[in-house]
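Next come two complexes built around chain A: one with chain B, the other with chain C.
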Partner chain A sequence: MIDSRPVSFVQALRLMAWLAVRRQINRWQSLQLGRRKTDPSKRTGTAPKSTGRSIYSVFLLGILLFNGFNLASQGLGRLGALANNVHASANKIAISAYTRQKLVETEAALKQVRQLPDAEERQKYIGLWDRYLDQILQNEVSRESLSEDEEAAKLQRMHDAFNQQGSEAFSVEFGSHLYSGGDTWPRSGAPALTFQNTLGLLVLTFVPMFVCLWLGMNNKDLGQVEWSFEWLYGFPVSTRALLASRLFVYSVFNPPVWMFIFPFLIMVYFTAGCGFAAIPLGLAATLYLSGLAGSATMLLEVLLRKFLSLSQLKNLQALFTVLGTIFLLLYLASLFSQPLEAFLVGQAKELPASFTWNPLSFYLLLGAPHSNPAEAMTVGALMAVIAFGTAAVALFFAEFFIREGLLKSSGPYQGIRRQKTATQSAGWLSGVAANEMILLRRDRNLLVQVLVSPLIVVAYYFLVNSSMISSATGNFHHAATMAFVIGSYVLMSSAMPVLTRENKTLWQLMTFPRELSSILVEKTQVWAVFALLYAGTILLVLAHFNHHLHPSALLDAFLALYGVGLYAFIAAGIGIMGTNALETEVRARFRPEMVYLYMILVAMYAVTIYTPSVWSKFAQVVLSTLLAYALWQKVKDVSPYLLDPAEKPARALSLADGMMAALAFFVLQGLLGFFFSQSTSMPLAMQVVLTYVIAGFLVFVLCLAIFSSQKIPHVWQSVGLSRAPGTVMPIGKAVVIGLAYGGAAALGAMIYLHVVDLVPQWHIWKQDAEMSALLRRADNPLWICGLAVIAAPLFEEFIFRGLVFQGLRRSTGPFWAVLASAALFAMVHPPFSVIPVFGLGIATALSFQRSGFLLAPILTHATYNACVIFLNH
Partner chain B sequence: MKIELRGVLKAYRSMRALDYVSLEIEPGQIISVLGVNGAGKTTLLRCLAGIAAPDKGEILFDGQEFRRDRLDLRSRIYIMPDFPFLFWEHSIVRNIAMILRLYQADDAGAERRVLELLREFDLLPLALRPVHSLSRGQLYKAGLTALIAADREVWLLDEPFASGMDPHGIEAFKRHAREATGRGRTILYTTQILDIAERFSDRVCVIHKGEIRAFDPMEKLRAEAQDKDNVLEEMFRQLREGGA
Partner chain C sequence: MQGAPPLVEINNLSKVYGSFEAVKDITLSVSAGKIFALLGPNGAGKTTTIRMLMGILVPTSGTARIDGLDCFQDRVEVKRRVGYLPDEPVFYDYLRGSEVIRFSGEMHGLTRQELGTRTESLITRLELGDALEEFAVNYSKGMKKKLALVCAMLHDPALLILDEPTNGLDPFATRVLHELIREKAATGKTIFFSTHLLDQAEKLCSQIAIVAKGRLAAHGTLEELRARVSSDSSLEEIFFSVAGESNSGSTP
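== the complex of A and B ==
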């Protein structure tokens, strides 16, 4: 039975629109916090819906809306004040009401003083009042953020004005409140017009912004071979209904519109005193604007798809993304940046009243304070006419252009391909690196993210905060930090998604006769070079403009560049660990919280560029390097089994385990120490020892419990606590080696102490260290001896040799494992003892390497501690 | 529904995808459309579905001139593209429901029909999964479910046998297609697999450089051919030699 009655225009429109609404809701909800638990045995995912996620998205929406209102409110408040001031102080200097009051007083006082009969007394009082005047004006000037030269010039101008005209030369400025109120829009006269024109100028960019953002970022399939519209086009639905449903979606579902522009327009009508009517008025204005933008977007999409090839489309999409971002940032900057605000108001002052009557701004008059109901009605009617008229025209032309069907000569189904060989054109690069460069050249969105958006971000910050330029060129600390942060920012979009990007190509990489991790390393290296180029260029430019370059700048530059290179691997490592390679949906492949983790690490490193202490810089470098190594050790373990996690063998001991154990050990000590100091009245020494022993014991037990629950094979052997079955424990050998190495390390420490005594600066250091040690030891030396000779060797050797050294040893040779574990070990000791403890770290690691039994390093450590304590007494 | 093409020309710039094609297709047949890559097979299907409009000539359905705005005629035709796009974020069931609604085929029995088809295509356990999580074969079977459930008078399929379907799915599709021709449905599909075309079509339509080179029942072609076992292969060899 066939019903050949076609679906009506309205039905089709409703259906298509509803589908699109659902699509947007799904998309919004799929912004997920955590990774979905996927069963590796099942290929298919589950529908991305859950209550938790909905609550999260509502919460996020609330924050974004609040942010939009907050920004708009502050920006409008400042613009309102500026519009008033630009007129009030046409030939007067605008100052605060307080300063003006003081000036009037000073003027009166000076007048009286000048009439004093006694010349000497007169001079004295005039001098006093002059100094008072200086002070007032200085305070006034310093309210603005001016450079020293500007400050001096303005001060001079104020002095001159006061000497010539007295307080008459000054006018009270309109206070700019932190937030705008119902009276921010000036009610009458020139300021009202200026404010109106300022807003008129500001909103001009809205429609192009909407169009660019939609075509650039939101429309993912515009540049795809399979265009969703082509598929819909086969259904028995009128072309007009299809186009109209698209127009509707483009008009209503542009997220930035609702996050930024809707709150802004509500605030605009609110400042005009519309009260709660501002909400419907703002909604009407938003819909009007986004309707215009939707019509333009729909028509443009059809035209572009008809006349441009896919590669041209992709380029254009990238351009739209850049333009849209610039428009959006310009809008935000005009609510933030004082120079930009002043520029806008200055321009608006010169514009005629008729300016606002352009189709992109006139809706402001819907609720302007001076417009009467009749005018508002006219504006409203006109808005409806223009919106529907534009939509009708756009629909007409779109339909006209696809009257021949949706095909074009270079369509995807015609089997015509451009003759182009891409394999040879990568120049000096080859293999994986060349492939990455081809990707960069082909994928315009990636190109924009990696090459253009860092520049936009820098420009934006300079625009918003103009003092950043002087600080970056004046202080090389700032310059180095900036170079590092921008390099890390580049890495976020380039190195971090190094695996996430390989969506449908991962299986292909897996088939190559190479380890996947080595391919990933090579890819990461390419991005590291890119980020280094960026950071290096910034450093050079900023150093060129810096006139007080200090030799310490070299250290800063080294830290910044080393950091960028290192963070390429940290970013990629975090990105790889946070990628679910089995997930086919692009957005769900990556855990977004990994980005925050990365940003926290970047911030921690950036701070160390500032810190004056060389020791903490060294510590940060060692920690970050080890972190990168630990991450990549994991990557190497995981990468062969990305596509079939069920095949993954039981994991082995890794550096990450050691670092986690060390961290847990220190955190536990801190927590327990706090607990004991708050809740007991034990002697301090006992507290210290108990804290240490409990923390060490807990870490020891927890580690072994976790390792055996994760079925790590031969745990006891790995940490050096037992031998392979059938072999004999080399106890005698371990004792000999342990004592010998311990003696050697202690000898080294003695030499160090003598050398320190010879250098006066270091001597003070030593005294500091001894003082704090004495304080702790004073009440009961026996406890401390027990701690140093028994407990510390046991637990520290388990963590630093059993876990860290062995974790390193699994994937690196003895030389680096010894050095790195000793460096980490030294780092967790006070600065004074870093050098001897580093020696001890080397001795213990060597004795462990030689004997293969944890008893040896424990004895080494105990011998060393015993010798040092004994000799110090 | 009887389909007629009269002097249909469709050109992309200088290339003629359909070069004054004339055809008459009686209802109740399965027709395989054959031709080398770029011969114009897909263009033929797209013109019949109203996705592309002919530059010259006309297409008639039951003697009525067909244009894109003839929604009544278009709702009697169903085209399955090479890659059924579907709404990526929605489940199979929602996609099928939407398509049936567009064809006004969501009558009282539709739910039962769809359920049976889903079971037949082994899609029932996946019915609530979003489409993006399906494999290509599953995706195509989901598209076929909608097509068979909608049961229009003309079925147009682009490369159904290169769609990643499993043998069970192919068999079910063939069975449904056969049953449908019994109800007077016309089925046109493109393919490159000559073995399938030989056994699974009432008529073979061979397009070469936009022209119809053959539009005959298999029996006739077989009677004329010298190599009885490889009728179509011989024909393509001749086309290649003659047309080069």
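== the complex of A and C ==
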């Protein structure tokens, strides 16, 4: 008596469909909305079902769908206009209606002017009208985004055409509406056919795109030893039912298809004037296409798995991904890249009417404006026949090939026991670096992501924006920026996931007698070198094509390369801090906000390569380096606790605290300054000093509040507000140290001022210096001086010495801590006083180091301020 | 070895997740050259204790010391002295077995020549030779354990920590593992392993600890444990009586 009952074909289909849907819904529901550490007392990593998350996922889908419509609508509008133009203006130059009107007026005016009797007057008016003509044509040409050379060429062409034929050489181009409506598809004649053929060409990419993407790297289990289909094969369901349901699931339950292609097809039919009938038509077309793709995918999956070894299969998957991405990008590009659209329409013009009858495109005829019901029914019937026919054929062949077993051989060896090859391949890398390189070589997915994807993205951008090539070769600032951005993009997929990639192998790294953070540093170094090679090559290539190289190019190149190296560490740091090492579901491990943060930082650095201001370049370099260091300080704190769900590292004073305090200080100053300048009429000097002091005070109070609420151990001592027990440094000695260093710093400032005075060219620079100018003009009430001398140093020393310097000291020796904190300190002061303030920074840091008590640097700073103010009188 | 301080000292070790006590107040010590077994039912806290010894988890309270060094604060030094075999070893995709061994050796500071001599006999005894050129992820479960065992013993550590070592090994490999454990103990190395195979523990160990629900239910040599229950019971009976008590909530 067997308890297992046979399952019918339809039931199997239904069950498999349900399985696919359920898995997809679970995946959506596991979207992590925020940093929510799963409650460790429940030993589960599964996210609970929540309606909030489901609604969020649906909302996201809605947005994507809307974007799909948007993109399709704009693209189709442009294609329609192009189709019209290509026929209308065969030999003529297409311009806007306004320009044409102006040209007609100009022509008439010139004709009149030429008949003027007076030669001089004639010349004058001709000249006037010529300039007017030039302006009009220039406006017209600059509407398109052409490079400078192309613009000049087109302008010349327009001038010649006008001189020869007048306004007859021009025709009005059909404007493309912002959104396509029911009449975007040209109604009749050659333009209609061209439009149809254009669409026919475009949709050719769909089926190959689906097949490639579905078989590519997204199909995670295709290349694994444990293949999910193998598991399903173990159920008492007929092979045919299994394969058919697999086909069905591929065809119908594929979100990307519904998000991108379904809106596009609906818009296609809509532009043909079908109105709301566009929706069922679009549905039919989408089902048809994904049915074809599903059949092909199912068959290929079975065949590939049967006849290829696992590593060959993975290589092929990488190839499929690259191809699929190229197809996808081509599709997207043809919706908003002008050169590609023009190309498509140009090709479509030459194609015969029967082109659209190919099986990948003929459903478009359902929407063709002149189609009659009979034709529509034929098309519909053919669609059904072809779709089901392909499915049947695919099923037949799939069943045929696996009739003697699902797999060629079982077991992980796949029937090959390899002989011991001459191992001990003597690589000159060892340890962590060697490991990363081996994994990169063998993991085709990683290789594609790191090497090939950046190239594809860059090619895509060049395609969409053709003036980029000319700007990159024309201006080395652009070239260096581009090299940096591409390098950073490479880093995003190689250095950022440095911890995420570890997944379940982290345990082994934790058995080695090395700090995990040092292992991670070494991994990051490998990727830094890699990205540097990439960026370096691009720089060299662009430099070769660049005709006007300037010595500043060297600075730009250095900045780009330094940036790439530094951002390797920033990317890895952000990635590590944003990864939940305990999470097993790969998608939920990494917080996507980290990518946005990284991109913002990249953009900020890229901008400073681009701008010519040396000062902001210097500032950005210092800031980024400190940021990288602060990040890694946190990483070192956190890394021993990565696999522990309950414990966190003890909160200690970090560089990050100092930097945030400095940033807050800066921002508050700006806000207060704005507020004061708008609302009061105090003299400028007073305003400046007041914003300084108030901002400093606010930051001071805020920091104290935060630190005491977070209960950081020994915080008052580490910040220098109280003396550590055991240090017997009497206050008097601290005062003396403070004054001594202050005197030294003031001396340095005096020397600096004298030196500047000696060189006449630098006087202008000095005049711009805020401090001296302000104080010379101000009335100088005594209390302002007092504030400047006493209060400002108090708060600034707290921030820069107490927080930044001590934060640095936690992880590095005094030398670098002094230099870095002095550099940061110097940066927030006006450019003129950078050098003496840098000296002051060093002096205060040293006095803090020696005395351990904030009183000393405060006195140093106060002495310096007093001397400087005194000197300037 | 009488006067020597114990190699492994665990004092009131606890690991608490919120309200859930995974490990509560465990106190043990293991002297050098002994074979120590940690027995317990599923979910008793054996793996948690071992992970605290390896510095992967941070104790909520109490200390764990190996060779006088704190397992978390001085974990880098501790790992020089310890070889770890996890319950379910997971290896990198795309690395061959031989490459995993080489990487582990290099991370312990061994050169390739040294590695070769050390691992040759081990690999032959465990019959891993054929498989070393295959990708480690494609190994069967027992082979992965064998590979992890080789990686754990590469640097000849003073203490071997094995989490369910024979789980997945065939009888030949199990026998080889037992022989290896006895040989290492005879040369003065210490073995600390967790298991729920009571006959294995009975055969091999000099000292046993039984944990249940995160607490230490019994601790001592086999004779001492027998004395607690009745004179001639097998370890199985001792286990059920002791762990059963703990499971039903009464204090030992």
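Descriptive notes on the structure:
We adopt the following convention: the second predicted complex is superposed on the first by the 695 of 873 C-alpha atoms of A that agree within 3 Å, B and C clash if a C-alpha of one lies under 4 Å from a C-alpha of the other, contacts with A are read in each partner's own complex, and residues count from 1 in each chain.
Just so it is clear, a contact is a pair of C-beta atoms (placed from the backbone, for glycine too) under 8 Å apart; a residue touches a chain by one contact, two chains touch by 3 or more.
Computed from a prediction, not measured in an experiment: that's the story for all the values here.
When the shared chain is aligned, no partner comes close enough to touch A:His550: not chain B, not chain C. By the touch criterion stated above, A:Val237 is placed in contact with chain B alone, chain C being left untouched. Within the superposed three-chain model, A:Arg143 lies out of touch with both chain B and chain C [touch as defined at top].
By the touch criterion defined above, A:Met510 reaches chain C but does not reach chain B. In the superposed model, A:Lys711 makes contact with neither chain B nor chain C. When both complexes are overlaid on chain A, the residue A:Arg22 reaches chain B alone and has no touch with chain C.
Judged by the touch definition given at the top, the superposed model places A:Arg131 against neither chain B nor chain C.
Comparing which residues of chain A touch chain B with which touch chain C, the overlap comprises 413. Note for the complex: chain C touches chain A at residues 15-20, 51, 54-58, 60, 72, 75-77, 79-80, 82-84, 86, 89-95, 98-99, 103-104, 106-109, 112, 129-130, 132-135, 137-140, 151-152. On the side of chain A, the complex with chain B involves touching residues 1-7, 12, 15, 19, 22-23, 26-27, 30, 43-48, 226, 228, 230-231, 233-239, 403-409, 411, 413-416, 584-585. Chain contact summary for the complex, chain B toward chain A: residues 12-13, 15, 17, 37-38, 42-43, 46-47, 49-53, 55, 68-69, 71-77, 79, 81-87, 89-91, 94, 98-99, 101-105, 107, 126, 128-130, 132-135, 151-153.
Listed in rising order, the residues of chain A touching chain C in the complex are 39-42, 225, 310-311, 412-413, 417-421, 423-424, 430-432, 434-435, 438-439, 442-443, 503-505, 507-508, 510-515, 640-641, 643-647.
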